[in-house]
Amino acid sequence: MNLPPTVFDPPFRITRASHVALSVSDLAASRAFYSDVIGLVLTAQDGDTLYFRGIEEACHHSLVLRQGAEPLCARLGMRVLTEEDLDRAKSFFDAKGCPTRWAEAPFQGRTLHVTDVAGVPLELCARMSAEPRMITKFSAHRGGCAQRLDHYQILTPRVRDACAMYMEAGFRLTEYIAPPGSSDLLGVFLQRKGNPHDIVFFNGAGPRLHHVAYLAPEVHHLLHACDVAGALGFGARIERGPGRHGPGHAMFVYFRDPDGHRVELFNTHYQVMDLENEPVGWDPSDHNISFPWGLPAQRKWFEQATNFVGTPVSEPERKPNPMTLETYLSKQQG
Amino acid sequence: MNLPPTVFDPPFRITRASHVALSVSDLAASRAFYSDVIGLVLTAQDGDTLYFRGIEEACHHSLVLRQGAEPLCARLGMRVLTEEDLDRAKSFFDAKGCPTRWAEAPFQGRTLHVTDVAGVPLELCARMSAEPRMITKFSAHRGGCAQRLDHYQILTPRVRDACAMYMEAGFRLTEYIAPPGSSDLLGVFLQRKGNPHDIVFFNGAGPRLHHVAYLAPEVHHLLHACDVAGALGFGARIERGPGRHGPGHAMFVYFRDPDGHRVELFNTHYQVMDLENEPVGWDPSDHNISFPWGLPAQRKWFEQATNFVGTPVSEPERKPNPMTLETYLSKQQG
Amino acid sequence: MNLPPTVFDPPFRITRASHVALSVSDLAASRAFYSDVIGLVLTAQDGDTLYFRGIEEACHHSLVLRQGAEPLCARLGMRVLTEEDLDRAKSFFDAKGCPTRWAEAPFQGRTLHVTDVAGVPLELCARMSAEPRMITKFSAHRGGCAQRLDHYQILTPRVRDACAMYMEAGFRLTEYIAPPGSSDLLGVFLQRKGNPHDIVFFNGAGPRLHHVAYLAPEVHHLLHACDVAGALGFGARIERGPGRHGPGHAMFVYFRDPDGHRVELFNTHYQVMDLENEPVGWDPSDHNISFPWGLPAQRKWFEQATNFVGTPVSEPERKPNPMTLETYLSKQQG
Amino acid sequence: MNLPPTVFDPPFRITRASHVALSVSDLAASRAFYSDVIGLVLTAQDGDTLYFRGIEEACHHSLVLRQGAEPLCARLGMRVLTEEDLDRAKSFFDAKGCPTRWAEAPFQGRTLHVTDVAGVPLELCARMSAEPRMITKFSAHRGGCAQRLDHYQILTPRVRDACAMYMEAGFRLTEYIAPPGSSDLLGVFLQRKGNPHDIVFFNGAGPRLHHVAYLAPEVHHLLHACDVAGALGFGARIERGPGRHGPGHAMFVYFRDPDGHRVELFNTHYQVMDLENEPVGWDPSDHNISFPWGLPAQRKWFEQATNFVGTPVSEPERKPNPMTLETYLSKQQG
């Protein structure tokens, strides 16, 4: 497989996926869902905007919910190491022809808006207001005890372009999905923070946000999130899982929030930091990878996603053809 | 609902569901499955018969596997408290017109074979050879760490008859499933040992053994059983779950063993011992009961089951009409 | 070892250890401790009395706290199967010369007060008011999620007398502690409900209540109880553990409540129901039994206990000589 | 508190604490301990040397055990990002007057030996032989399932010097321990990989290796390690815990291996990557920090440690005076 080169001395230093802004139709319903089921901590409410953080997060917010008519994603946030990295980021994206502009964002330092090569609206900053970590406030923990935002997954027809641009920006490719013998990249897992992924791109109509993922401390927290969801009337919002990822090895549960935004809770990740860690390729037809046990995801898990504000959606040349639960069941019965 | 009366001074004392005998086509495959995935301890191999027990069980066996051409259940075992209870049991069943006979069974004391009112072949004994409990042999624990056999579920067109006979024999009805306002008993949970069930009867073509259930210590053992199943090539044998039972509240996973016999692993149960604990009725159309979160069971979970040796199967008058995964998905997409 | 005989047809049928009444000096502090740390559900407050139950308990109360100047135990409760068993219990204890009297107890059916042969004030009833089980109200679960009262441990100089009387009343002896070759019973584990113990007697100054034990669903709930204790200022109330019992195999944590009453949270138990399950003897000098790993309990865990109301305390002939943490550390350093 | 400045553009890039070499007296005993209790994977045996890695580690080894007469630590390993970083590291340490030399190390790329300012023998390399990650080989997991090496703790009289040197080399100070109002640094937590620590220095006679820490997936793995230790005769090797760290919040267990080397298993860590994350100071007299619940560590946990090969030990000016278990118990009883 012809893959872009790893860049060990990147032009600027993104440190991690950090925060996401979504519009929701009913702040009270979303607040109940994210506080009680996912287990985020409400840092602040400011008019029609809610700011949440994970129980270990010392930054002001990793999830911003704004009242809005349509369920859209405004922007995906990334942190850079220093203020200088922000200026270098602007130069990098300007040189690529990616639109950039300085923006104001409450509770954040200088903030750069960028649209990446796949059309995803990003937001970079080096600094946020600091808040106390709630990780040892055990009596305040709720539901899935979401610790911290970990990664995003994007659907896009431009997986290879995205892979090339992010790797040029210093992301390492940890895993990729490609049919054997093909040069088609169907999925790429890209990271800066030393675990398998900060941002993932899969082939599909896009750009659309497939999901945002929060780390939960242990598997029983995932299950408690499910149980609380059931007890509070959100039981039908569990779309997939609990189950086990093949390559990434984590246990997962996928929820749809009250507006249909997809949130993954998952547990521990492995570390990818060493020079000898070459990208690992997976064959999409290997079921042990997509579902090592149990049943595959239902069709809507593959197809439905959140649009980005003001961003047109394009169809991919190669139509995705995953093994869905619907297909699996029909083959089984036949 | 017109329910049979609870009998507090039963004619003989069954203590618990205790052991089951199944025929399997490949002893090596079954041994791997039950040892490594379910986590049972092999007590003995005697020719073409394997005897397994749970990690806490001090009795010789709770699962007997015999090489056989067809995947059948030979018999469901129950323990009685004393040898005298065995004689009283014979009188009870003889008086009911249920066939009984004394039988020889290796590693068991005096053993009574009985066919119950629903046609289920039972085996009663007061005594087995004693074996060391393996519960603190932590380095020998494997897979799901199945602790002990807990209960059986039977499909039968004769739910009400079975309920009446078992209650007359001293079983308490803890939960039942019936449409509101109807006198149709679609499911009954009957117990002697003080938790929700030793034997469960559901309306369906039968008598057939729907599943045998082993208790696992904690939820992470259920998940480890799934993961080991995946790693050892049994991943597609996970038919349902992990998920949460509505009424009984336990977490569960249902496996199909290499011959298709269904085995449930589940975690902790509540206690039902007090005089004021009246049977609790559930409405089968309430999804919070059948699946409080996530997805319902696929059709084959409802329909497939193990035949009993030499026992004809009858169709129920009222056809079961559960919410299957297939129906649920089709409604969702429509 | 000369042990009393097991009685399979007891004169009356106790079903289980069920409820305990303690006096406490500060209802608010105790309420916080039992609700938030132990995780009990407050059923009712009636003047200066709090009634708690475990999250799975359908009975009105398993813990009754009454405001009082001194930290005492008023009574240990046992459930009997039927009202007739209550009358038979009275005859049994009257014949033994154990004081009995009928009493009124709120939210309970007919209630019999008895003082057992060791001087322990008991309370028997067949019925309580029924309450909804909270086990699936997942968003209301707190701290250790105590499911149900499981057993009591008593210090007494009269271990053998207690053992004989309880076995005559139908309790089975599951385990006992005795020096090899000696006929001294230093500890006995007695049960009616089919797991290792409803009531335990250990040699020591008494009768005193050493602890009351609640079952927690899983080990992570034990640890969460500890963490919540730490977060709420009860961290120094954790006296022993988390650790592993040798014989009984359960994981445990021992708390001292705000008045010094000792409460154990522990996880799953094995089943003891079969005819061949003879009592198992343990050698008290075997450290693998008293602490299979880690450190032994501190001295006060062995020595301190709760007095019963109006009940004088006697010293045992044979002074207890356990391996305490203090002794263990001094030997290690020496 | 006067703290060294954070260096965001370090002269070379260490990525993480990576591997440690210890001498042991009995390879078979150590192999049993690290394989069965800690749960490491044996990558290779080469004569009298054993190479282990964690279940998720793709590098050849994180623990090297060599047969030796005395229980010593040969060297602590760090990974650097690229080969160029290795040359820059040499320049950095040469300029500091820290002894450096190129060395051969099996299964590693170019390897630089360095003695740091505190006298600790380090070993830096950019590359190791790659091995398959075993994280999804679930049926091969044992004991504590140690995932990966996480950090080292060192006792030294030169805490401030070490802090200054490591921060100049790009380590971030996440937490430190100092009496309020004092400029005495009693402990410093330094990291490169974005969680609280790769290397920790505490005031004490040294340099000596206090412990090496492996991450375990979940708390139940910590407990399983304890249980397996007990079952295999290593129960008395559990020196401290399971318990909860105050500041770092992780659950921990400390083992002494058969030669007395101390190994910590602990669970999940929080992330420290953001510009606004200033070092957090702890008051050593605050018990909620050193033991938020339960009992403090015994004296030998504070005092005993592993010497480095050929490295003299110096006493600190300020004698450590921690709250030991022995002191705590004596105050309690008094």
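First chain written, first letter: the chains are A, B, C and D, and each begins at residue 1.
Operating definition for what follows: a residue touches a chain if its C-beta (ideal position, glycine included) is under 8 Å from a C-beta of that chain, and two chains touch if they have at least 3 such contacts.
The model shown is predicted, which means the values in this text are computed figures rather than measured ones.
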| query | With respect to inter-chain C-beta contacts, which pair, B-C or A-B, contains the greater number? | reply | B-C
| message | Can you tell me which chain lies farthest from chain A, using the average of the Cα atoms as each chain's centre? | response | C
| task | Superimpose the Cα atoms of chain A on the matching ones in chain D and note the rotation angle, 0 to 180, in steps of 5 degrees. | result | 180
| Can you give the whole-Å distance between the Cα centres of chain B and chain C? | 32
| query | Taking each chain's centre as the mean position of its Cα atoms, how many Å separate chain B from chain D? | reply | 49
| From the C-alpha centre of chain A to that of chain B, how far is it in Å? | 42
| field | Contacts with two or more other chains, residues of chain A listed in rising order | value | 136, 218-220, 227, 230-231, 292
| Given the complex with chain D, which residues does chain A contribute to the contact? | 8, 15-16, 56, 58-59, 79, 81-83, 109, 126-130, 133, 135-136, 147-148, 193-194, 217-219, 246, 249, 267-268, 270-271, 273-278, 292
| note | Within their complex, chain D touches chain B through residues 36, 136-139, 142-143, 218, 220, 224, 227-228, 230-232
| field | In the complex, chain A residues that touch chain B | value | 219-220, 223, 226-227, 229-231, 234-236, 238, 241-242, 244, 251, 287-288, 291-295, 298-300, 325-326, 329, 332-333
